[in-house]
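Chain IDs A, B, C and D follow the sequence of writing; residue 1 opens each chain.
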């Protein structure tokens, strides 16, 4: 029996709640889960959501969740600035932590979180769900068995259009205090994929740009935009492979694109999160006249698709990624090997992002470490 | 509070369990759901699954589920031949019924089921989940507002390849006692889509074929295959529109294809369940030089996608369809209008399938009614 | 040296002219071609086009072309109703004939054409260019080597939208005298593909429909449309394979679609003329976890692509099909084996179309022969 | 009447020959073309090709072509190192020049070519055919009318796999004397597109890499590869727009990919040369619930598609691009405005490529001018 606390019930909070609700029914091989305590900004909201999500208790103060002795693990699904305080408090209270990505707005806070995790001896994992999809997991397996030989070039792009409207008013996301822009909003996700598929990044050279220099404020005046919606990065992996990473949160038409191109000595692999239930494989082992990208639909033989659906080509959804992540977390809590980004790797992802930003500021290649 | 019983825990049984588990967390607007009683073929299995799925009680006899006074609604997710007996018993016991499609192997059994439903005054719904997807629901809305004008032609295809291997041994699906073949396995799903999008079918002309005339039995002898893996149907809708319906369960390469082509006087719409998170729209309202099929990714504004995910293009999965269906069922139980195929419509779907089969046997056009 | 005559300089006439102009430069292995004589409806137009296309002589009377002793082969690219008279006259004059498809509006005229061809001993070929594409030719080769095993099901669709506008005025294509509609406009092309890939059709069951029952005439009155823009056909091939053929010339959004689905015991093949420079292959010989449709781009190893371009994936165009056809014609004239639809096969294509029409009229399955 | 000389009859030489052969038949509005003189490395080959391509004279010495008084314009389709000498000689001889891209291996040679062109007063154009496709031309029109608003971000990739095989032996393309690698082989083409669509590049930051550090020579020893098959470039356009350009000639699976992503304030446009007969447009002018990328098939209303084919969606081929380019050249020779990359722009393209190489060598941002 695992007692669960949840803080935050927005996009990701609900996603965590759904995952906790379903993980045992989907996987069978995990212990029973008890939804113990839900925290929100006020009691009324907390009670309403606890009711909907099936939590037993509800508090308007997140500390009550962390202090609850029945809670073994805490889902932290609040805005980034709250992660350090909440995660460190939870770890100190002896709870396992499942914190949404990224770790923290500042690198030193992220470092403090890792330190707290180490000290606690508890599991401290991050919500990098895109590494959990059956297609990505299978690609990882294929790379390991060198189906496309030795990798020699990588490209990854993450694009959405939620900031693309030039007529949207100036908001906090346009202030420098919110971070760099596309880099911290998006680059961390592609990095989580790169880390699990290929290892860490060693050097980066980054350019950033703003689609709209100014935006209207609510009172009709123009205000200079301080963050960069677009970032493009040349990079070298620690294993020597060259590649590029691009992120754009003002890319009209893109909704949830994370497009990966992997080139090797014997073939190549393509993937796009907007069509996450398929990936493309090109192998030179095929006869020359019939070589072409295979569009492979995910199926029960692509783990852990089969735990959700016994028939191929029927498709998982975005929320299912969280269920898979949840099961990995539980395995990890139980001392089993797990496919998960924990605070140590999470810190390296953030180190890489900060190196990218520094590279842009200094207009030069920067070593990540 | 709604007390739930579940019979059968295979592909669909698990899918129902997941739906019951999540429906309130996803939608918020439904009453609390209590997983009361689970039935399986034996107690051991029933207990194990009840444990995993979160049911309070478990029985090796499905009648115990139906007789449980705490159970308000029964999910029937057993093989087709059990549907009539179980559904009728449940209705007689005063339970609402959520029965997997199709209703029954024989038409008379299906009629009896409808009769029982009418007599009981309870809700009796069928598991036609493909009508629930946000893309299909939005297409329905677009057709209603005549975005592509008056419909004049339809094509629908449903293809998978689970029977495509000629070396697979003869099994019960190859016996005539199991039904017609592709017609009852598959045709009902496209018909559920046609019914909700366009109305009923009036006339059909059907051809059927067998990819493999014989199959090996376990003891190595050849045995004649009695069912038809492929069916192709010319048809007229009650509203006069002409179209075709094709189904093939031996179509190598197809995994979960339900491909719809709808042509109207002002445009056309395409959909394929293998890429269920998008659909294609062509409208002549666009300037001629830029007319083309728009690939529209599902998003929060395509109901009820937003209840699952607040961001566009992230994608629902197959199991999410059941959650949507479950909420419609609950709405219906609560006396609200619902988007659901109930026994009355289900019977018409089956009437249509039987008319198709008769058309093939008699090699002529057959009026459905 | 081959002397060429051309009658008609519209869509296809120009296409023939381009083919004659380029065939030797592309293939090298054909004799020199002399553009001798061009015929059009009047001298002025004939002279202008002869000038543009590079013909030496021009006449306002097509008989002059046929009677020209320097002319060895005549391209007939006029509307269908002129084919019989022109082709028969040309054959009688001892010329080879390259006549656009279909042979003739009536079956008896087509029969007369074949008789004239036989009597003349000259080559009499038809303009079924879609069988010439490198993708289709390669598919033919793959089928012959049974890469997808034994074929068991076929689907072919040909759709365009040039008749889709309900506000377009009534014209001659809406009169019954112009033929059946989609059947003769379109069905012949898919049939040419079926014939070369699989052989002839033995039985057909056809439905036809009209998207718009009436159309406005120039003077504003409504007039009943007499032809059928859409035709759907159940069929059996002579080799026993079952399939369907559909044609629709009012299918908004479709521009040059000829979509082929071929299912066999070991895989399947897809092709769509709108993306003619690629085709899709699924084979069960691939490892199960990586089975998927390969999108194969045409390349020099797909004959005769390499005669046009030495680099893969660069793409041929529609007009290049005619150049290939032209070279096949020349090979045939030179007594070599050629991949070409000649009058004998052309007549069978038309026999099949007429059988389809009869099937619709009589609402029953019809044997083609 | 325009007298044509052609030097070189390989990939591009044949392509030029086909273009000269067809340009008048396709466009009608150009003067008669006379294929006068063909030059090759030896007389035998020259005669053979002249015969095939329809040239009147043939020489084993290219100077004879240039000196031929009947020749007005010379197509230069020889390897890059010959371009300067041949082009300058032709211009000095008072001929117009149509030289394949790029201008020359060294920048100073390219400068000399431009100087010669200026001095001659003759037309000196380059073979940047990808700017000629109807899709690209229409995109240019759409950008000009600001259908996607103000451009704010660009990405362009050009990838093929002809150098991807690690087992292919060391050849001259691996020697530094052949150039930089992907940069000069490929980057010029994307630059030609960027120049015509958006203007010139102002600053670049380039990374290059080698998929295979060594290759086997014919005698079995390993030799270090000196060129870079992959190049990735951060860049700023003169108009301030940020973007990236990537080129990879060892990208398994890519055959003729030139993929363009253009993001603007009101939408975006995608194009890929591997499917050159279509492009994708996303516009925010569409109703929100139906926004999506439109796949627009080229058609007669996309100039000059209609000169080739009067029906939409039938598709042009790679060789047709050269016919369009040829007609632009002729228009230019006739003093009309033309859509063509001439030596002045060609030099800027090469200046940009050299700046990219310098940026890599010096590991810093470099101003192009």
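Basically, a contact is a pair of C-beta atoms (placed from the backbone, for glycine too) under 8 Å apart; a residue touches a chain by one contact, two chains touch by 3 or more.
This structure is a prediction, so every number in the text was calculated from the model and none was measured.
Chemist: What's the minimum number of touch steps needed to get from chain B to chain D?
Modeler: When the steps are counted carefully, the minimum from chain B to chain D is 1.
Chemist: So which chains count as neighbours of both chain A and chain D?
Modeler: Under the touch definition, chain A and chain D have B, C as mutual neighbours.
Chemist: Same or different for chain B and chain C, when you check if over half of the residue numbers at their contact belong to both copies?
Modeler: Chain B vs chain C: same; shared/all numbers exceeds half.
Chemist: Cα superposition of chain C onto chain D: how big is the rotation, rounded to the nearest 5°?
Modeler: The best-fit rotation has an angle of 180 degrees.
Chemist: Take the average of all CA coordinates in chain A, do the same for chain B, and state the distance between these two points in whole angstrom.
Modeler: Result: the chain centres lie 34 Å from each other.
Chemist: Would you mind pulling out the distance in Å between where the CA atoms of chain B average out and where those of chain C do?
Modeler: Result: the chain centres lie 41 Å from each other.
Chemist: CA centre of chain A versus CA centre of chain C: separation in Å?
Modeler: 53
Chemist: Residue numbers in chain D touching 2 or more other chains?
Modeler: Answer for chain D, listing residues that touch two or more other chains: 254, 291-293, 297, 299.
Chemist: What pattern do the touching chains form: line, ring, star, complete or other?
Modeler: complete
Chemist: Would you tell me which residues of chain C are touching chain A in their complex?
Modeler: For chain C paired with chain A, touching residues are 138, 142, 147, 278, 280-281, 286, 288-297, 299, 301-302.
Chemist: Looking at the complex, which residues from chain A come into contact with chain D?
Modeler: It is residues 148-149, 152-153, 155, 157, 164-166, 205, 207, 209, 211-212, 230, 232, 234, 242-244, 246, 248, 250-254, 261, 263-268, 270, 282, 284, 291-293, 363-365 of chain A that touch chain D.
Chemist: Where on chain B is chain A touching in the complex?
Modeler: Listed in rising order, the residues of chain B that touch chain A are 10-11, 14-15, 17-18, 21-22, 24-26, 28, 32, 51-54, 160, 162, 254-257, 274-277, 297, 299, 308-320.
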